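For reference, the structure is listed below as structure tokens.
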Amino acid sequence: MYSLMERLYPLTRSITGNGTRQTLNIIKEYIPIIINEVPTGTPVFDWIIPKEWNITDAYVKNSKGERVIDFKKNNLHVLSYSQPVNTKMTLEELKPHLYTLPEQPDVIPYMTTYYKEGWGFCLSHQSFSGLKEDMYEVVIESTLSQGSLTYAELYIKGETKDEIIFSSYMCHPSMCNDNLSGPVLLTALVEGMIGKKHRYSYRFLLVPETIGALAWLSRNDNNLASVKGGLVITCVGDSGDMTYKRSKQGDAYIDKVVEKVLRDTGSPHKVIDFFPMGSDERQFCSPGFNLPMGSLVRTLYGCFPEYHTSADDLDFVKAEYLEDSLMRYREVVEVLEWNETYINQSSKGEPRLDKRGLYRAIGIKTNTKMEEAILWTLSFSDGQYSLLDIANRSSMSFALIKEASMQLVEHGLLKTKTD
Amino acid sequence: MYSLMERLYPLTRSITGNGTRQTLNIIKEYIPIIINEVPTGTPVFDWIIPKEWNITDAYVKNSKGERVIDFKKNNLHVLSYSQPVNTKMTLEELKPHLYTLPEQPDVIPYMTTYYKEGWGFCLSHQSFSGLKEDMYEVVIESTLSQGSLTYAELYIKGETKDEIIFSSYMCHPSMCNDNLSGPVLLTALVEGMIGKKHRYSYRFLLVPETIGALAWLSRNDNNLASVKGGLVITCVGDSGDMTYKRSKQGDAYIDKVVEKVLRDTGSPHKVIDFFPMGSDERQFCSPGFNLPMGSLVRTLYGCFPEYHTSADDLDFVKAEYLEDSLMRYREVVEVLEWNETYINQSSKGEPRLDKRGLYRAIGIKTNTKMEEAILWTLSFSDGQYSLLDIANRSSMSFALIKEASMQLVEHGLLKTKTD
Amino acid sequence: MYSLMERLYPLTRSITGNGTRQTLNIIKEYIPIIINEVPTGTPVFDWIIPKEWNITDAYVKNSKGERVIDFKKNNLHVLSYSQPVNTKMTLEELKPHLYTLPEQPDVIPYMTTYYKEGWGFCLSHQSFSGLKEDMYEVVIESTLSQGSLTYAELYIKGETKDEIIFSSYMCHPSMCNDNLSGPVLLTALVEGMIGKKHRYSYRFLLVPETIGALAWLSRNDNNLASVKGGLVITCVGDSGDMTYKRSKQGDAYIDKVVEKVLRDTGSPHKVIDFFPMGSDERQFCSPGFNLPMGSLVRTLYGCFPEYHTSADDLDFVKAEYLEDSLMRYREVVEVLEWNETYINQSSKGEPRLDKRGLYRAIGIKTNTKMEEAILWTLSFSDGQYSLLDIANRSSMSFALIKEASMQLVEHGLLKTKTD
């Protein structure tokens, strides 16, 4: 994942344009995504697909011909979606177009003007303070023209049409935790799943944030009934503890699954209720859809100082944290795939476990963990409790209860509930 | 409020009689209450309206002709509803008729004998201890005769018949927190509401405690279906934190409204469950009515040492606390009037807020509070959540969510739910 | 109870056999239990009644003729259900048949091999360590033959068929807390109830653990609809705080009753959720029955180090703790018998309590506890709240609310709800 991130890092992405297209094409080398284009001007609910933005160069040159702000050094220097500019102006005239973060004087802020025509440069407050009175040459070699918005999709068909969505976005330029960590984790997750049999169908989305999610939703508005849950993947590469932001429903199945996965780690983690700021869960959970989708991250967007600045770079994200996050996502899939509601086939009293080799023959003081897991699974497999419910009620790991259920199924003591 | 309290303080009120009548007539100078009389002997559920009690003078004179206990100095000196007496007796004979509070030796206790014939004097334990063996002249110039019980009512008609009741009582003689603070706050609350348009209808009651509430209930037994909530006003002038005693239902709409108002103050306050001791909520919440009525007070009756003694005087209650309490009652009305359930008119995804001037155009790191309030209101206006629910779920103030909703209504993004 | 325990202590009980039979016959001297026999080979759900086991002697003798392990000294020395043995062997050959608890070197562990043929001796790890290389004479004079499993039952018919089960077991040899404390408490509980009128019918069971409970369940499978609750009695003689293990249902009526009884003691106690290890609640609460049965104990099995060892002896259990536990069981019966849902017959407002002598005539600052109990009972007797519910909501003891209800019934202010 980290090396893919290194490849993608330099590209200048935005909600449209060739940087985004290149990003998806690189990912396509790893997993068979289908890339879609939505033309400029297409109505998308309350929105319209904007013009496509591309940029080749941008700078502010002083009278000595030195580039004091240079897009080639860091693509965050340009306010995303800036109009083309080629002019000369004084520092006083330039200042309204310069954006800095005075409270973090070392970093370049990431800013955008997607839907309002304008242009600007972002720079560290330190550099800004060093600018002298001068006549500056101000150039942005960008184009805003008819084109399209690009997004990618991948569908893994399962035994049922019931569908789980994993969605991430790839519209941010050179920043790693928010958001390259999302697409690279999604890519690795797909790599591990492709070609295997699954109960659920899985849909993976790589869309520009907000407008891309809306574009996908508008094209699939009539096919959402089969969506049984989903997660928005972002900010999964920093050193912080895992955080789960619940779906708006708050007690959806996906919420229970993710919360159990986090509890089973035994590590510190946070679970927070839905709030309508953040990423594409804003769209998926909007009242007209209210899909059961949460977001599983490490440190939440906005809660780390590097967020939306040049400091969210290849040093900030580490391969080990990406790996750890990937494990959690895989465990989510594991629970989804293996959670089952069974009916105890010997439900009056306990069955004789010792004769089946499921219990010690000599009565002693204490049970093994597996014996206890077997007893919990038998006692609660009454059709009301799924394995996940049993794992929760017993405070045992899902993995242990799953293992117990497999042994019991093998001995004919459990059968899947058919309703 | 405080000056009205000063006017009312000297009057000798009880559950019937001219002191109560005078009290209501003074209040009528401020707000157009309708004064009702219920004749002695009228049956009221399990009760009967008692004889009317009036008193002109009462004293205990020693053999030197000095008034050692003098009703003219403090009307608490007489056990309320004392029969007329005119006799001479030794200290020993007098003692069974003297009531003191040994644990608060400086204060005169407030005591009553409404429903059992008798007479007595209340005095500080200090004065009691100073009484010498003597032949005392004991005089109570009172009358107990056919008459009536007096209560007042005021109805402000709103757009709907749905009705909110604010009830207070005015049967206590010279004591301020319990209970003059109640009627004077009710008077100020009415003054601020009269002549304005309201969604709800509001009914204000000033009744003698218990028997007066029962009298009103018995006369209105068939019209209670429109009562959607209410509050009993008392003990609203002391320096303590606000306390809300929930309705017996416990999760009634009025309970949610008052609890939110108190949370929004950001100040310490208490919320306690209903208990069947206290004031007229005992009657309103009795099983045969079970009206959704709570009581919003400062320090609860019985929880301040001045309660039901001569120390609950004009010094104990302060104008600033009355004002603060009045603000809370006004906020309760504000929430009742403005709480609405809206339907998001652009419910698939978020609407474009920037083009409507409801959101910044340049994407930066953080949202304003108003932008967040707008997003919360849109995200949860699905017909299930009222503004109050949204304010609670977002932990934002009702005022902020209300402001957001007004902006969204103006832009056609919200419409009132019609069901 | 303690003296009965002393009589029963020496007998060699197991899940079948004469020790168990003798135990029940001694108990029958106190209470009229009916003793049942279930023949060897009878199928019981997934189980089969095993052969009957009896034992007269067992020992390991060294070459000097000294009994180094001697059943006559402590019947725990023999692995319960050991086959007959009569042989000589070296220490090395003997060792696989010797069971000790290295972490508790002073005590003899209690172990069993009910369903797997085998034999063995249990001894303290200390004694085990002292065993020298030698040729040992190993003798177990036991029989395993056609016979029967013995259990006892007692039914006290009440006004209704609704039935409460108290179940204990008596299959453990010389150990007191687990489990002689159970049968002796059950015996004392019956002694106090027999010959009295009850609303509920009560069934008392003394069964060998697991297989005995299953045998009873299989014989009564069609008559369980009338079981409204029950408790498994065990570990009621140690010095620990009371512990209530809830039924699997978790919020059954019996759970509420027992939890209130424990709260009313004002003493520290624990309430824990059901888990499928433990005693016969495992069978009663299995999915095919799911009876509302919990278990009221002192220190839970497995949570005291003496558990299932020779240290669980007549010193470990004290008469005072048995008495204290018995009080709790009697209080459970008391609540079951007296809990009633009443309808307030004067439900509009409060009735006049003073004229009925239920309330003070002179109004003063504070209420008595009984006045408050009366007000709570009136205010909540609306058909939704039972006395138990009122006691819980008011945080008053059940005994106080019961007393209030009796006074109110006497004055015609409450009548039993008939539905």
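The letters A, B and C name the chains in turn, as written, and every chain counts its residues from 1.
The rule is short, and it goes like this: contacts are C-beta pairs under 8 Å (C-beta built on N, C-alpha and C of every residue); 3 or more make two chains touch, one makes a residue touch a chain.
On a predicted model such as this, the values are computed, not experimentally measured, just so you know.
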Shared interface numbering between subunit C and subunit B [over half = same, under half = different]: different
Cα-superposition angle relating the copies subunit C and subunit A, to nearest 5°: 120
Centre-to-centre distance between subunit B and subunit A (centres being mean Cα positions), rounded to whole Å: 54
Interchain centroid distance [CA atoms averaged], subunit B/subunit C, Å: 54
Sites on subunit C at which at least two other chains make contact: none
Residues on subunit C engaged by subunit B in the complex (per definition of touch): 344, 346-352, 354-355, 361-367, 372, 375-376, 378-382, 393-394
In the complex with subunit A, residue positions of subunit C that touch it: 44-47, 79-80, 99, 101, 109, 111-116, 118, 120, 210, 213-214, 217-218, 221, 248, 273, 275-277, 282-283, 285-290, 302, 307-308
